[in-house]
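Let me begin by presenting the structure, written as structure tokens, before commenting on it.
Note that the chains take the letters A, B, C, D and E in the order they are written out, and that residue 1 is the start of every chain.
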Amino acid sequence: MSIHNEALKRSGHSSGKHAPAPHPVALETSELTVAYGSFLAVRGVSLSVRRNSIHSIIGPNGAGKTTLFHALTGRVRPSAGSIRLDDKDISHTRDDDRVRLGIARSFQVTSLFPNLSVQENLRLASQGRTPWQALAPWRSINHNKEAMATAGEVMERLSLTQVAGRAAGELSHGQQRRLEVGMALAARPRVILMDEPTSGMGVDDIEAMKELIRSLAADHTVIFVEHNMGIVMNISDTVTVMRAGQKLVEGTPAEIRDDPEVRRAYLGNMITGDIA
Amino acid sequence: MSIALQVENLNTFYGKSHILQGIGLEVREGEIVALLGRNGAGKSTTLKSVCGALRPAQGAIRFRGKDIAGWPAFRAAQEGLLLVPEDRGIFGLLTVEENLRISQRKGSPWSLKDIYRMFPRLEERRRNNGGQLSGGEQQMLSIARALLNHPRLLMLDEPVEGLAPVIVDEIVNQVLEIKQRGIPILIVEQNLAVCAKIADRNYIIELGKIAYHADAVTFANDDEARDRYLGVKAD
Amino acid sequence: MTYLFQIFNGIGIGMLYFLLAVGLSVIFGLLQFVNFAHGAFYLLGAYFTYDLVERGYSFWVAMPLAAIMVMALAALTEIVLLRRIYKLPHTFHILVTVGLALIIQEMTIIVWGPLGGNVPPPEGLNGVIIVGDFIYPEYRLFVIAFTAVLAVGLWWVLEGTRIGAIVRAGSESSENTALLGYNTLRINSAVFGLGAGLAGLAGALAAPIRGVEPFMGLEALGIAFVVVVIGGMGSYTGALLAGILVGVTQSVMASLWPEGARLMIYLGMALVIVAMPRGLLGRA
Amino acid sequence: MKTINNPIFHFFLAALTVVCLPLFLRSGVLASEILIFGLAVAACNLLLGFTGLLSFGQGIFFGVGSYVAGILLTRYQIPVPLMLLLSVVLGALIAVAVGWLSIRRQGVYFVMLTLAFSQFFFFLAYSFSGLTGGDNGILDVPRPVIAGFDFTNLWSYYWFVAVIFLAVFALMLRTTQSTFGRTLSAIRENEARASAVGFPVRAFKIAAFAISGAVTALAGALHAMLIGVAPLSSIEYHTSEIILIMTIIGGSGNLFASLLGAGTYMLLADVLSTIWPRWLLLLGVALIVVALFMQRGLWGLIETLVSHITATSKRTPNAATERPLHRQADGGKA
Amino acid sequence: ASEAITVGIPVPISGPFAANGKFASLGGILAAEEASREFGRQVKTLDLDTEGKPATAVRKVQDAFDNNGIKLYAGGILSSESLAMGKEALRRNGVFITTAGADEITGTDCNAATFRWSVPTYGAIEQTVRPLVDMLPDAKRWYTITPQYVFGDGLLNVAKDIFKEKGIEHVGNSYHSLTEKEFSGYLTNAIAARPDVLLILNFGSQSSDTLRQAVSFGLKNRMTILVAWASGLEQFEALGPDICEGVYFGAQYWHGVDTPGNQALVKSVRERFDLTPNYSLAGSYILTKLLVDAAVKAGSIDGDKVAAELRGKTYEGLTGEETIRAQDNQVIKDYYLLKGKAKKDMADKDDFAEIVSQGKSFLSPEDAGCKMG
């Protein structure tokens, strides 16, 4: 219980700081549907994510969480419904354009440039906000000072500075996972989406990641998918539970924990402890 | 009771990440052993390493008296060590019946008739393509295939994952029936209720190592262990 | 009326194209492997037939024997060489099979000389059928019938038998096929042998029509690619449809705008890929 | 290991090669052809090694360049520098068109599409024989005389080619070291991530095609002047195939490797073809050997040797240059 | 003995035309050996593999100029490579002599350094179509199959002129590309046009394919077939007597030609190589011989001197008396109309055909379009 209160306190604090924001809602979907062939992986999901809140999405495997992320970032095309970012309809915007509008993500399955250095990975991620500059074959890679600076900051923040020159593919799994999150940060997005940021991380890394995500909310809107209930229940402002492509329920962590439907669909019987 | 499967010091890597770090476990004839652990702990990796779908870097695997470490998956399968994988491994472009037919092996105690009696739903849908089945039906098909394939030990990876409770019940019953027929089972399951209902013994994997091991009764009463390893709060 | 004949003739050409291409398609479907040596196996099929017939064997012995020899040789190649490179990128598939094609082609020249040769149509099939104005060689008629029977038979094997089901299962997921106790390595060799054997058979059947010469493989490869790409890689019916389509286009263009026939075929191929990513009947 | 991957060092190696070729080769044609194909192969490498695009259509651009030289120099008396510029522009334009259509597909389908276009352009050139001379090609393509400098002699023409080669090679090195080049590498390594990070991947691929087409066309134009003909065979599938083979033999992802690949192939072909008419058989064996044992090409071999000799820093994993291609392979499976 | 003479033999030794190159190489060797004996000085040939590609051909020739100091070249099987090499010979003050087909070689693209032994398209048609028209007065309907490029069009246009002159109905033509291998579509067209004569105007393996398929369609029994530009013995060998029987062929050379020069050649080729000379071998032989003789006579291997020696020369060649016309460097020689023999009538394994007629027909250099600078 105490953890939960703390989370509420923190979120109250941060939203207070940014009270005058023009749109209280950073990202919104309405009746979003994604089809893979004839199979509907996401069906009519309406989601509303408050600015600078931490919004987590949970649900059984195959519930459509990653697919929902794909739709939000433009990797897959929704077959119906719409997505609004700060009141701007971005349903038909290409994925790379959405980065410029302020959405960035990390992937569930680590997706880096394995032969490029950590710094180069982050520099590219940062450069992605001004991609057309990169089309000039005469510009040296050190040209974009801002991108270099961002890369440096992100490495600092994720304690990757020591490995700045190493190829991303040579990092340990935990470091790769951190870099994966860093790739999203480097784009300096307003809305950051993280798909299972702690999967594959060691216990101490998980704790650090938890703190990182918490701190991100100061200047980002954070949406993340997690199976680690320790994190979800501790730092989320809102939790959305998905099942079979649909939104099952949504609420505060406390509400979710007590929802019988969620227990049955996701948290399972085990949480009640009624072992037969 | 004699030992059907014995695994010692199993180490497996994905590229450079060391996933299994010295797993050891055993399955005796006629029992159901459950393998528990959080997401990503290495449960599926253990099953795949045992049956040869993944190649362990190190470790001994004895199955019915043979050292099968390093065997390719098809040979392990021919020995009767059958994995029903997480993703169920259905051939989506083959019909249900084709899926079953290519799994049929001489000498299996189960025949197509038996299967259709066990899972009448499959008979109804036998002309459909595997890809058109619902998740539960696919799970039935996957188990059915393993049975036709003359199993001597069955490894089930989260067989009731994502299934509706009724179907879970049905599958649980079938699993128990398979056990009755004398086939030992190694099962990975997140659902503790299911485990409790069927498992004789439990192992818990954490970060690629066996962190806990107990028989069913002990485990049922070990609130602390369940809390610690599985994040299950006993209210 | 001519067009009717042209269409019929085109179907005849198309059936051979189908036979030539279907092996490539099957190999691609199962092994995700682009085989630039496919034409070389066709070449071998033709030359084996030629050689056997020259040695005095009947065509009816030579033709199946040639196909079987090609099949065996291809399976051996798969075991010795190709299975080592499946996991490598396409670049290396291309490199190795182009190399293989060169080796086979040059060996052909070394063994049989640079000049081509002639394979007479088998006794009893060397006449023509005359229907009004339309003349058609009996042998070509036989090829159509034979290929049609073979197409049905092959279709039945792939779609109707347990072995076919295993092959199709393997092309969906070799991992899951192995979990059922099948030696996927052996299945791969067999399928590669089958695919190449079909090319060899196409070569054997084509020999009495085309004669043999050391560079017929290159030409065949070009046609096989076009057919497979238009029909959809890995698709059996796609290969049949596209083979006939290409054959008919070619034949009808002979009346309409002969010098542009090839241009049309390649343009068509480009259009099909751009518009229909998987070809006409390719599966995702 | 650090120095041997340094671009300035690569330029130095290229310059050294340019200076040394006349010392070791008696044949001015062969030397010029090595540099010319070095350009074409480097351009192919820009696609294969840096962007991860296996193009079977490079012969299109080579042929186009060759025809531009043939047509403009024999029928319109256009000055050579202007002609070269036009060939570059036309090569880029056609490459944009081919690239735009081809990159809609990935993996094997991309390869097949470039193959189809290469055949298509061949038959186009064949059919429009009024423009291209058809099978006879365009004859009497002159070598340049620019500002009083006479490059009609073979060796003086070599130096003409050499200057252009070094200039373009330097520009291409610069390109691969630029933000643009790095972004291409990023696309090759992980296209999905590059897109997710905000790069309009298609625009970058088309730009890479444009550069590649421009440089290849330039090579084609230089080649036509070298041999005095713009032949139909320049635009043949075979030209595409050879350029690709040279690229892989040299080693992808490294521009000097391209010169190495072109040089080795041409010298080997030159020697082998005189000793045995069936030399293509040996070529076939060589290709298989490269695929089995030298997947990073000659350059990879050199790198390995150097690292064995110095044996200081630890070896980069062998998979390094293969990985991006793997991804392309997966694209075909989708 | 004075210094050695080396003749370059630039022919396709690898690639699809390798067969021609192989025989051409032998012809050159034979001529060089004979010349060595005759002139008591070393005469050699150097094979240059053109791979059938103009670019490679020119590169090899350039190299031979630079590295081997060779100025005399006898070869070029394909028109495209021959045209390109002829230009190079002129640039470098060499001499190039060829047997290739394209009219441009001694026509619009003629030059002082390029000579040609083979009869151009005009003579090939004049000496095949015209005699056949005369022999078959009832055959009034002709159908043509033509490859779509300059060579094919050259043949076709001459044929059309004869048709017009003789009042023959040209009932149809099928153009096809140089890469075509499947002719059944064209044959179906031809059958529908009900011609009396099928005139096949392509060459090499394409004419073999066309003829083979035409025979399988039973055309031989319904019409007369004429292959205007056959490659000679090797084509008969590839096709076999069953297909060739009764078919007419036009040829630049036939080993059965009854001239002293040819009889000597056939004899020495049989002795030296155990072969019967075909067009590639014989052509290369005479080309090399012409070059060496001229060089010896000129006392130099410089292109202009050798060329001057060749120009206007009349000599006893393989086809009888041959003259090198000075205005366009074209050799004036006979072209042959052959008719395929039945297997049972063949005297030996190479006796595939009888000579039906022969003769010389050439356009004037002006009509051929040759303006030598």
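List of remarks:
In the analysis below, a contact is a pair of C-beta atoms (placed from the backbone, for glycine too) under 8 Å apart; a residue touches a chain by one contact, two chains touch by 3 or more.
None of these values were measured; they are calculated from a predicted model.
When the partners of subunit A are compared with those of subunit B, no chain appears in both lists. With respect to subunit D, maximal separation of chain centres occurs for B (centres as means of Cα atoms).
Work out the mean CA point of subunit B and of subunit D, and you get 53 Å between them. Between the CA-based centres of subunit A and subunit E the separation comes to 76 Å, rounded to the whole angstrom.
Between subunit B and subunit C the centroid-to-centroid distance comes to 43 Å (mean Cα coordinates, whole Å). In subunit D, the residues touching two or more other chains are 123, 127, 278, 280. Multi-chain contact residues of subunit E, defined as those touching 2 or more other chains: 18, 22, 148, 177. In subunit A, the residues that reach two or more other chains under the touch definition are 170.
Those residues of subunit D that touch subunit E in the complex are listed here as 26-30, 33, 123, 126-127, 129, 134-137, 139-140, 154, 223, 227-229, 231-234, 273-274, 277-280. Residue ranges on subunit C touching subunit B, taken from their complex, read 162, 165-166, 168-169, 172-173, 175-176, 178-184, 283. Against subunit C, in their complex, subunit D makes its touches with residues 48, 54, 101, 104-105, 107-109, 111-113, 115-117, 119-120, 123-124, 127, 241, 244-245, 248, 252, 278, 280-281, 283-288, 290-292, 295, 322, 325-326, 328-329, 332-334. In the complex of the two chains, the subunit C residues touching subunit E come out as 1-2, 5-6, 9-10, 12-13, 109, 113-118, 120-121, 126-128, 130, 133-137, 139-140, 208-211, 213-216, 219, 250-255, 258-259, 261-262.
Looking at the complex, you find that subunit A touches subunit D at residues 73, 75, 94-97, 99-100, 104-105, 107, 111-116, 120, 124-125, 127-129, 131-141, 143-144, 167, 169-170, 183, 187.
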